[in-house]
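The two complexes that follow have chain A in common; it is paired with chain B in the first and with chain C in the second.
Up next is the complex of A and B:
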C-alpha cells in the first residue's frame, strides 16, 4: 500500500509541469556548478602543485649561503585543494592560499581569493553546495507543502482514509514519493559529481576521497530527509495549504539565509576575536621580551654562561659550538612558544565562535549541514588550521636544521660560514597529508548529531501530525 | 477617489494583524542591521585609533632615544640605529596610511571586511605591507553580515511581496472585486490605491528606521557629502521597493490564484536575489579568470632572486640612472641598505607586469559586472549601497592609489638619504612625509549612484508598463 501511494505521488509529480521545470532548473544549476567546480579545481590545483615544486627547486638551488640567510630566504607553502572542494568551496575563498615560512616569524596566510573577485561574490558562489543547501530544500518544500492539506482541500483525504489506508502509511508513502522524485535529479547529479571527484582525485587519492564522499552523501541525505519530514508535518498540521506554504517558506528563509548571518553576529558578540592590529601588537610585545638572536645582549650572556658551565671551559672562544647558532635557535624557541600561545588563543576563539554556530544549528539545521558539507569537502576552518599547523611544523624543522648546522658545523671564530646544496637537501620536501574522513567526522560529531536528531525528530513529528490530521 | 480608496485600504490593513506583525519584524531587522553596521564601524575606528596612538608613542620614543645615541649613552647596531635612514624608514619611523570608515559606513559592511583599511608604509616593496588583512573567522566572511544592506536587499522585498502577492487575487477570491468594480472605479485606480498605500507605508518604514538607526549608531550625518549620500540611499531604496511592488502587480495582473502568485513571486525573488547573482559571479570569473596569487608569489620570488644575485651591479646601474643620489664620498663596499634599494626596485619593476595582469583581470570582471548587473535589481542596489556607504571596491582602490603615492613619497624621502649615508637627527622626524586620506570626489560617486538609480528605475517601468496593460484584460469574474 505504501509503495502504491509512493508510485502515485511520483507519477503525479513527474507529470506536473511545475516540478519538471523547477527540477530541470535545479538539475542544470547543480550539474553546471559541479562541472565548473571541477574545472576550477583542476586549474588551481595545477598552479599550486607547480608552485610547490618551484619553491622547492628555489630552495635547493639557492647556492652557497650562510645557513641563517637560507633560513631567512625560506620556502612558501601553498595550500593544496582537496578533490571534494569542487562540490563545496567552503571557506576557501576567504582564507589565504599561501604562507611564507621564514626565520623568526610565523606568518599569516596571504591572498584570499575573494579579494580578487567583485562584490557579486558576496551574494554567494554557485557551487554544488549552494544548490544542495538552498535550492533542493526549497524544491522539497514546493513538492510536499500540500501533501496533506491539498488532499484535504480536494476532499480526497476522506476517501483515502475510508479505504482503510492508515495515516502513517499515507505519510510514509508521500515521503517516499517525494524522495523518489528528488532521486530522479539527485542520482544523476551525484553520478556527475562522483565522476568529477574521481577525475580530480587521480588514482592515488581516490581511496582517501571515497569515505569523505560517503560521509557527505549521508549528511545530505539526512538533511533532505529532515526537510521532507518537516514539510509533511507542517502540511498535516497547518490549517490550509497556503498557511503550510507560508510557514515552510519562512522556515526555509530563516534556515538558509537569516540564521547563518545572525549566528555570525551572535558569535562575534559573544566571543569577540581581536583585531589584526591588536593581535600583532601583542605578539610583538611578547617577542620583544626575548631577543631576535642576532645581537649579543643580556640573554646572550646568560646562554654563554650556561654553555661555559656545560662544556666546562672558561672562555667563549673555547666552546665547541657556534654561539650565533645557539642564540638563533634560542630565539626561535622563545618565538615558537609565543606563536603557539597566540595562534592557539586565536583559533580557540574561532572554534568557540563555531560552537555558537552549532548552538544556533539546533534550531536552524542549515548551519549544521553547511558545517558538515565544508568539513567533508575539506574546506572548513579546522582543516585550514590543520594545514597551517603542518606548515608551521615544517618551518620549525627548517629553522632547527639551519641553526644546528650553524651551531655544530660553523667555526666559533666569527669567520663567515657558507653551507651548500648538501644542507638544503637535508630538509626533506614539504609533504602534507590531509586528515582522514574519520578525523573530520570526529570534528563534525556535533553537527552530525544535530542533523541526525532533526532527521529522526522530523520523522516522528510527521508521524505524529499525520495521525492527528484534520480530515475535514 | 484614489484617496478614499487608500483610506479604506488602510482600515482594511489595520483590521488584519498580519501586516502589522510583518512590519514590526521588518522594523526589528532594520534596527538590528543598523546596530550591527555601527558596531563594525566602531571596531574599525578603534583599530585605527590604536594604530595611530602606537605610531605617536613609537615616534616619541625615537625622538627621546636619538639624543642618547648621539651622546654615546646608548649603543646600537646598524640595523636598529634610528639615525640611519635605512633603519628608520623600515622600522621605528614608519607611519600608517589610514582610510577611515565613511560617514555612512554603517549602512553597508560591503567589501570593507575583506579589504585592509590601513597600511604600515615602509621603504620596503609594496607587497610587504599591502596585506594587512583584518582577522576574521572565514565562516563569517562566507556568511556575510546582517547589516542594513542585507535587510534591504533580501528581506525588504519579501515583506513587500507578503503585503502584495494577493493584491488583486484576494479580492477576487473573496468575491469583493466584482462588487468594488460595480462602483464608479476602474481596476487600475483600485490597484494604484492599494499599491500606493502599501508602498508608502513599507518604504517609509524602511527609510525612516534605517536613517534613524544609523544616526543613533553614531553616523556623522553632518559630514561632507553625507546628505547627498543619504538622499541616494532613500532614492535607491525607494526605487528598489518600487520594483518589487511593480513585480507583484504584474504577477497579479495575470489573473492567477493567490497561491500561484505567491509561488511565482517567491521564485522570482529567488531568481533575482540568489540565482542571477551567483550565475553572474561564475560568468565573470569564467570570462576574466584571475590567476591564483600563487603565480604572483612565484614571480616575485624569481625576480627577487635574480635581482639579489646582481645586487652590486644593479646598484651601479641605479646610480647611473640617478647620479644625484650617488654617495657623497666614494670608495668602500656599498652597504646592505644601499644594495637593498636597488634590489627591491629591480624586483618591483620585474613583478609589475604580473601585478598589472591581476589588476586587468579584476577590472575586466568589474566591467562585466557593471554591464550585466542590470539583470538583477538586487545587484544594482548592492553596488549602490556599497558605493554610498564607502565600502565598495571603488573606494578601496581610491585608497590604494593614495597609499601608493604616499609610499613613493616615503621612498623619495629616504632613498637619497640612504644612498648618501646621511645620519638623521631628532628634528628630522618632523620632516617625514605624512598621510592624509582624501575622500573620493563626491561628483564621481554621485555619477555612479545616478547610474544605479536609473538602472533600478528602468526595470520598474519595464515591469509596470505591461502590468498596467494586462490589468485592463483582467478576468474579474471567473
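Up next is the complex of A and C:
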C-alpha cells in the first residue's frame, strides 16, 4: 500500500508544473556547480602539481651553497586537493593552499582565495555543497509542506482514511513519494558528480575516493531524510498548509542561513581566538624569551659550555663537531617547542569553537551536514591541520638534514662550507598521504550522530504527528 | 450491517448527538433528514471513526469501528458532499488509486466499466479531474464504491448542488447498489430525493432522532408536512 501511495505521489509531483520548474532549477544549479567544481579542481590541481614540481626542481638545482643558506632558501608544500573537493570547497578558501618551509619558522599558509574575493563573492559561491545543503532542503519543503495539510484541505484525506488506509502507511508512502521525486533530480546529478570525480581522480585514486563518496552520500541521505520527516510532521500537525509552509520556511532559514552565522559568532564570544597578528606577536615574544626562560645568546653559551665539558676540550675550535651546526639545530629544537605549544593552543581553541558549532547543530542539523560534507570532501579544518602537521614534519626533516651536514661535515675553523647537489638529493620530495575515510568518520562522529539522531527523531515525529492527524 | 447502540457525542459538554440506535439492513437505504447541526454528519463521522464517541458504539458488519477501524472500513464506501480527487490524475487514475488502496486489483477495462456503470464514460474518464464538474466527481466516488463492492455506504449530502438529471442518475445507481445488497446511510436535506431513493427516512433534530418512517408508507406531501412539523417545534 505504501508503494501505491508513493507511486501516486510521484505521478502527481511529476505532473505538477511547480515541481518541474523548481526541480529543473535545482538540477541545473547542481549539475552546473559540479561541472564548475570539476573544472576548478582540474585547473587548481594542475597548478599545484606544476608549482610543487617547480619548487622541488629549484631545491635540487640551487647549486653550491652553505646548508643553512639552503635551509633558508626553503621549499613550498602545496596542499593536494582531493577529488571530492569539487563538491565542497570547505575551508580551503580561508586556510590557504601552500606553505613555505624554511629555517626557524613555521610559516602561516599562503594563497587564500578568500583574500582576493570581492564582497559579492564572499556572500556565497555556488558549489555542489551549497545546492545540496540549501536548495535541496528548500525543494523538500516545497514538495512536502502540504503532504497532509493539503490532503486535509482538499478533502482527499477523509476519502483516504475512509478506505482503511492507516495514517502511518500514508506517512510512509508520502515520504517515499518525496524521496522518489528527489531521486529523479539527485540520481542524474549524482551520476554527473560521479563522472566528474572519476575524471578528477587519477587511476587508483578513484578507489581511494570511494569510501569518502559513500560516507558523504550516506550523510546527505540522512540529512534529506531528516528534512522529509520534519516536513511531513509539520504538515500533519499544522492547522493549514499556509501555516505549515511558514513554519517550514522558518526552520529552513534558521537552519541554513541564520544558525551558521550565529554559531560562528557565539563560538568567537565563548572561545575567543587570537587575530593572526596577535598570534604571530605572541609567538615571536615566546621565541625571544625562550621556552626555558633563557634568551638565545645565553642558551648558546650554555650549550657551548656543555659541549666543551662533554668532549673535554677548552675551546670551540677543538670540538669534533661544528658549533654553528649544533647551535642551529638547538635553535630549531627550541623553536619547535614554541611552535608546538602555540599551534596546539590555537588549534585547541578552534576545536573548542567547533564544539560550540556541534552544540548548536543539535537544534540546527545544517551545521552538522556542513561539517560532514567538508570532512568527507577533505576540506575541513582537521584535515588542514593534518596536512600542516605533515608539512611541518617535513620542514623539520629538512632543517635536521641541513644542520647535521653542518655539524658533522663542516670544518670547525670558521672557514666557509659549501654543500652540493648530493645534499639536496638527500631530502626526499614531500609526499603527503591524506587521512582515510575511517579517520574522517572518527573525527566527524559527533556530526554523524547528530544527523542520525535528527533522521530517526524526525521519522518518529512524522509517525507520531501522522497518527494524530485530524481530518478537519 | 450498519448499527449503532446508544451512540452519542458531546463536545465540551455540548451534546451533538444524543444516544442513537440505528439498524440498517443490507438492501436498505436509510435517509437521515434534518437541518444543519442536527447530528447527521456527526453520525457519519462516528461510523468513519473520524471522531470518537462519547458513549455507545457503532458497528459495521458487526465490527466495532473504534475497536477494528481498518477492518470495518474495508466493508465501507464513503461519498461526501464533494468527492475530492487528485486534480493531476485522470478520473480513471483516481479510481485505480483509490481502489488499489483497498487491496483490490482491477484491469483498466474493469475500472472503465465501473466508471461507466456510475455514469462516467470515456473520454471523460481519461481527462484529468481538475476540469471535472461536481457531478462527474460524484460519479467517480460511486465508481469507487462499486469497484470496492462495498457492503455499506455512507453518503453525506451527496446530491447537494447536482442538477436534477445528475441527481436522478445518482439515485438510480444507489438503488442498484442497494438491490445488490448494500446497506446505505444517506444524510440529506433533499426531501424529494429521500422519498424517491430511500427505503426509510429518519428525521433528526438537535442531535435526536425524532422520527423514523418507511418511505412506502408516505407520499411526498406527507413527508414534507411531517418534516416541517418537526422543524417548527
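Operating definition for what follows: the second predicted complex is superposed on the first by the 463 of 472 C-alpha atoms of A that agree within 3 Å, B and C clash if a C-alpha of one lies under 4 Å from a C-alpha of the other, contacts with A are read in each partner's own complex, and residues count from 1 in each chain.
The rule we apply is simple: contacts are C-beta pairs under 8 Å (C-beta built on N, C-alpha and C of every residue); 3 or more make two chains touch, one makes a residue touch a chain.
The model shown is predicted, which means the values in this text are computed figures rather than measured ones.
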First, second, both or neither for A:346, with chain B first and chain C second: first
Touching partner for A:471 - first (chain B), second (chain C), both, neither: second
Touched partner set for A:211, first chain B, second chain C, both or neither: neither
Chain C versus chain B, contacts on chain A by residue: B
Which of chain B and chain C A:150 touches, first, second, both or neither: neither
First, second, both or neither for A:161, with chain B first and chain C second: second
Chain B versus chain C as contact partner of A:80, first or second or both or neither: neither
Which of chain B and chain C A:435 touches, first, second, both or neither: neither
Parts of chain C lying in touch with chain A, wherever the complex brings them together: 48, 50, 69-71, 73-74, 76-78, 80, 82-86, 88-89, 93, 97-98, 100-103, 148, 154
Chain A residues touching chain B - in the complex, by the definition given at the top: 18, 22, 29, 33, 36, 43-44, 47-48, 51, 54-55, 58, 62, 76, 78, 90-91, 93-98, 108, 110-126, 130, 134-135, 138, 142, 241-242, 245-246, 249, 253, 257-258, 260-265, 267-269, 273-279, 281, 294-295, 346, 350, 353-354, 357, 380-381, 384
Complex contact set, residues of chain A against chain C: 1, 4-5, 8, 11-12, 15-16, 154-156, 158-166, 471
Residues of chain B touching chain A in the complex: 36, 39, 43, 46-47, 50-51, 54, 77, 79, 110-111, 114-115, 118, 131-146, 150, 154-155, 158, 258-259, 262-263, 266-267, 270, 273-275, 277-282, 284-286, 289-298, 301-302, 305, 358, 361-362, 365-366, 369, 373, 378-379, 382-383, 386, 392-393
